[in-house]
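Structures incoming, each one as C-alpha cells.
Here subunit A shows up in two complexes: once beside subunit B, once beside subunit C.
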Partner chain A sequence: MNVTAFNRILTVAFFAVLFILPLVNSDSYIRHISIIAIMYAVLVSSWNVTLGYGGVFNFGHMAFFAIGAYATGVMTKTFDVSPWWGMPIGVVAAVIASVIVCLPVLRLKGIYVILVTFAFTQLCLQIVLNQRDLTGGNFGLVSIPPLEIGAFSFRDFQNAGYYYLALLLLVVTLLAMLWFRRSHFGRSVIAFRDNETYAISRGLPLAKVRLMTFMFSAVFPGAVGSVYAQYVRSASPDMFGFSFLTLALSMLLLGGVGTIWGPIAGAFVFTIISELLTPLGPGRYLVTATLIVLVLRFFPGGLAGIPEFAGQLLKGRSGAAGDPAMLKDEK
Partner chain B sequence: MTPLLDVKDIRKSFGALQAIGGVSFTLNRGEILGIAGPNGSGKSTLFNILTKIPFPPDSGEVSLDGKPLKSLGPRQIVDAGLLRIFQTEMDFESLTVLENILVSMPDKPGSGTPSSKQKKADELLELFGLTAHSDRLAGEINVYDRKRLMVATAFAHNPLVLLLDEPAAGLSKPEIEEMVELIRQLNRLGVSIILIEHIIPLLVAVSDRLIVLNFGEVLAEGLPREIVRNPKVVEAYIGNQSDG
Partner chain C sequence: MALLDTLLLALKTTFVSGLVLASLYVLMASGLALVWNTLGIFNFTHGAIMAAAAYVAWQISDPKGYGLGLAAGIVGALIASGVMGLVINRLLIAPFLNQKNVVLIAVMTTLSGAFFIENSALLIWGPRIKQLEKVVDGNLRVAGTVISGHEVVIIVIAPLLMLGLWAFLKFTWTGRAIRAVAQNREFAELSGIDVRRMYAVAFATAAMLAGFAGIMLGAIRFITPGLGAEPLLKALIVVILGGLGSIPGTILGAYVVGFSEALSTYYIGAYWTQAVLFLIFIAILLIRPSGLLGKD
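Now for the complex of A and B:
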C-alpha cells in the first residue's frame, strides 16, 4: 500500500469516527470537548496558512476569531439580524480585519510583524472594552441568539447541531487547505517564505500574495468564531487574550507547521491532553509545556513529522524528520 | 535595427565605493554577450541594477526592446522579459522541482490552462534534464541540478533576455561542458543572453562579443579572441591577482 492510499484511508477513518461519535455517545462533557477540539483544529489549520506556509508571524489570527464572534453577536443580538446571517457576517468582519492588519505589514518581516499584529489584537481588545453598550465591555456579550430551524434548536440532543456544523467547517477547512497546497496561490506563498528575493525575480507579486494570504486565512476563524458565539451564546474579551493565543500556538508547533495534518493533530491531541490533566490544576501547564519540549526535541517537525520518521526507521535510515523550514528565513 | 537591450551610462555607488561607474553597452537580438572582469569589478552589481533586484541604478538609462525600464518596478521588468539567475544558487527549497518551475511561469489571465502549464513544465524539465528529479524537493538536489533549475525557472517566465551570473561556478568539467551546451541551446531557442563568467575559455567559447569590466568601468569590448590578447585585459587580471 502506498503512502497516498494510506493517507486517504486514514482521512476517511478520522472523519468517519467523528461523524459517528455523537450517534454512539451522548455524554454532554465529551460532546463539548469534541466541539472545542474541532473548532481549534479549524483555527490552527488556518493560522498555519500565514504562520506555517507563509512564514509570516501573524499574531493577530485569534483576533479574527474574536472579531467573527463579536460581529455575529452584535449584529444578531443588538440589531436583530437573523442568526443565519451570523456566519457570513463573521467571515466578512474577519476578512476586513485581516486587510486592516495586513496593510502595515505588507513588506515587513519577522519580529516587526509580531509587534504590529499583536498590537492590532490589543487595539481590538481596547475597542471592545470601551464600547460597553455594544459589546458588554468586561463582562462580555451574552445571550447571543442560537441557531434554530423551526422547532429544532442546534442546542438539542446535546448540541448535536453545533457539533455537526463545526465538523462541516473542519471538512471545508481541510479541503481548502488541500486545494491551497496544490494551487498556484499556495505555491507562491511558500515561494515567498523560502526565498523572497528569488520569488520577486520570478515575477511573483509580494504585496498581493501577502494580502491574499491574510484574507484567505481569516475566512476560517471568522466562520468558526461566529459558530462558537452562537454555541456558547456569548463572546468574551478573553478571546483577544495572550493565553488563548499561546494555547493555539502550542497546538500549531506541537502538530507541525507547514503541513496539512499537523495542525489538526495538534489541536486534537492538545485539547484531549489538557482535559485529561485537569485534575492536576495549574500543574498541568508544566506537564503540557514539558510534553511540547520533548516532542519538538525529538521531532522538530512536530507530530506531523512522526509518520515520516517512522517511515525512515523502516527504511533503515536515522535522523529526525519534519519541515522546520518556517523558522529558517525569519531568523 | 534597435538593440534588444540598450544600456546607457548607468552608475551605482555604495557610499564612497563606486561599484558601477558609467557603463554603456548594447545587446543585439539573438546575441550572447560575455562579461568578464576580476573579482569585485562590479559584474553582479550590473545585473542587480539592470533588474532592480534588489536595487536600481543611481542614474542612467536602460531600455528593453525599445521600452524604457526607468519607471518600472522589479516585477514589471521581469514581466517585460528580463530574467536573471543569481551567482549563489537560489531555489524554493520546500517546493518540488516541478513546483519550482510551475510557480515561476507567468500567471496572467490568458497565460494558459493548468493542464497546458503542466505540459509546458514537463517539457522544460525534459529540456533541462531534470525530469528524473521532478518530484524531489529543490532543497534536496545537488548543486549542478539546482543551477540548472534556477536557469529553468528563469526560462519558464518567457524571457527575451537571460542574465546568467556565473552559471558554471562550482561545477565539474563534464558539468561545465553540459552547461555550455545548454546555454547554446537556449540561445538557439531565441533567447538573447548576457553571460558573466569567471572561466575565460568558457566565455570565449560561447560569446559572440565580450565586455571586460574593471573597477566598475568597461575596460575593453570586442570579439572574444581579440579581447583575451588585449594587454590591458591581461594586466587587469594579473594585477588583480597579485593584489590578492
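Now for the complex of A and C:
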C-alpha cells in the first residue's frame, strides 16, 4: 500500500469517526469538548496559511476570530439581523480586518510583522473594552441569538446542530487547505517564504499575494468565530487575550507548522491535554507554557515531525526531527 | 481674546497630560528598548516582569505582607527582577542562541514565559487587587491640571533613566560590548567578548528597568497579574516607532505616543484614542518602515 492511499484511508476514517461519534455518544461534556476541538482545528489550520506556508508571523489571527464573533453578535443581537446572516457577516468582518492589518505588514519583515499584528490585536481589545454600549465591554456580549430552523434549534440533542456545523467547517477547511497546497496561489505563497528575492525576480507580485494570503486565511476564523458566538451565545474580550493566543500557538507548534495534518492533530491532542489538566486550575497554563518551550527546544517538528523522526531513528541517522519550514531564517 | 485663552488653556492641559503619559511610556519602554535596541530580541516577558516586581514590592512593603517598608520593597523587587531576567535569559534565550532564527524563536519562548509568570503570580497572590504606596505624597497644580507628586517623580526620573541607558551603551566597556555582540557576534567573540555573559547582563539590566517601571506603576494603578499587559503594548509601539537601534528614537517615540494620546483624548474622546493611536502608528510605519529614527 502506498503512502497516498494510506493517507486517504486515514482521512476518511478520521472523519467517519467524527461523524458517527454523536450518534453513539450523547454525553454533553464530550460533545462540548469535541465541538471546541473541531473549532480549534479550523482556527489553527487556517493560521497555518500565514504562519506556516506564508512564513509571515501574523499574530493577529485570533483577532480575526474574535472580530467574527463580535460582528455576528452585534449585528444579530443589537441590529436584529437574522442569525443565518451571522456567518457571512463574521467572514466579511474578519476579511476586512485582515486587509487593515495587512496594509502595514506589506512593507515590513520578520519580527516587525509580529509586533504590528500583536499591537493590532491589543488595540482591537481596547476598542471592544471602550465601546461598552455596543460590545458589553469587560463583561462581554451575552445572549447572542442561536441558529434555528423552524422549531429545531441547533442546541437540541446536546448541540448536535452546532457539532455538525463545526464538522462541516472543518471539512471545508481541510479541502481548502488541500486545494491551497496544489494551487498556483498556494505555491506562490510558499515561494515567497522560501526565497523572496527569487520569487519576485520570477515576476510574482509580493503585495498582491501577501494581501490575498491574509484575506484567504481570515475567512476561516471569521466563520468559526461566528458559529462559536452562536454556540456559546456570547463573545468575550478574552478572545483577544494572551492566553488564547498562546494556547492556539502551542497547538500549531505541537502539531507541526507548514503541514496539513499537524495543526489538526495539534488541536485535538492539545484540547484533550488541556481538559485533562483542568483540575490544576491556573497551574495548567504553567504546563502549557513549559510545553511550548520544550517543543521548540527539543522537537521543532512537532507531531508532524514524528514520522520523519522515527524514520531517521530506524535508519540510524542522528539529529532531531526536521526543521519545520517556518523556522527557517527569514532574510 | 477669549478664544485665544481657551485655546491656550486647552494646549496647556493637553501638554501636561501628554507629558505625564509620555514619561510613563519612556519608563515602560526603557527595559524593552535596551534588549530590543541592542540585541534585536523582543522580550515579551517585559510586561509580566513589571507585574511580578510590583507584587514582590507589595509583599515586602505592605503591612499585610512582611511590612518592611517601601524602601525595602523597592530594593527587594529590583533584585528579584534582576534574578528573573537572568533566569529568563538562561531558560528562554540562551538555549536557542546558536540557531539562526533566534529572534523569531525568542518571540514564542518569551511569550510562553510571560504566560508562565502571569499565571504564577495569579497562583501565588490570588486575584484580589493590591496597591503600593506612592513614593512621594501630595499633589501639584500645574496649568489648571492636578498631577501627583508621584507623577512628577516619574516625569523627572524617566528621561534621566533613558539618558543613563544611552550613556551606558555609548561610553562604558560593557555597554559597547553589548552593542558589539548585537552587530556581529562572531567578531565580538573573536575580540574576547563573552557573548553569553553580555546577553545575561543585558537581560538582567532590562528586567530591573521593567521591575522599576512596575513598582512605579503599582502605586498609581491596581496590581493584577495583567498589570503589565497594557504597558507592554505601549512600550512595543514606542520602540517600533522610535526605530531599531536608536535610544533617542525610543525617547522620541514615547513623547510622540504620549502627546498624540493626550491630544486625541482631548479633541476626539477617550473612546477612540486607541484607534487613533493605531492609525498614527500604521501611517508612520507605512512612510518609514524602520521607525522614526531607525536606520534602514
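Quick note on the criterion: the second predicted complex is superposed on the first by the 296 of 331 C-alpha atoms of A that agree within 3 Å, B and C clash if a C-alpha of one lies under 4 Å from a C-alpha of the other, contacts with A are read in each partner's own complex, and residues count from 1 in each chain.
We adopt the following convention: contacts are C-beta pairs under 8 Å (C-beta built on N, C-alpha and C of every residue); 3 or more make two chains touch, one makes a residue touch a chain.
These numbers were taken from a predicted model, which means no experiment stands behind them.
Touched residues of subunit A, counted separately for subunit B and subunit C, are more numerous for C. In the superposition on chain A, A:H184 contacts subunit B only, with no contact to subunit C.
By the touch criterion stated above, A:N195 is placed in contact with subunit B alone, subunit C being left untouched.
In the overlay built on the shared chain, the residue A:G258 is in contact with subunit B alone; subunit C does not reach it. In the superposition on chain A, contact of A:P205 is made with subunit B only, not with subunit C.
In the superposition on chain A, the residues of subunit A contacted by subunit B and by subunit C do not overlap at all. Across the complex, subunit C is touched by residues 57, 103-104, 107-108, 110-112, 114-116, 118-120, 122-123, 126-127, 130-131, 242-243, 245-246, 249-250, 253, 281-283, 285-286, 288-290, 292-293, 296-297, 327-330 of subunit A.
Subunit A meets subunit B in the complex at residues 184, 187-188, 190-191, 193-195, 197-205, 258, 323, 325.
By the touch rule above, subunit B contacts subunit A in their complex via residues 51, 53-54, 74-75, 78-79, 83-84, 86, 90-95, 99, 102-104, 106-107, 153-154, 156-157. Chain contact summary for the complex, subunit C toward subunit A: residues 40, 42, 91-92, 95-96, 99-101, 103-105, 107-109, 111-116, 118-120, 122-123, 229-230, 233, 236-237, 240, 270-272, 274-275, 277-278, 281-282, 285-286, 289.
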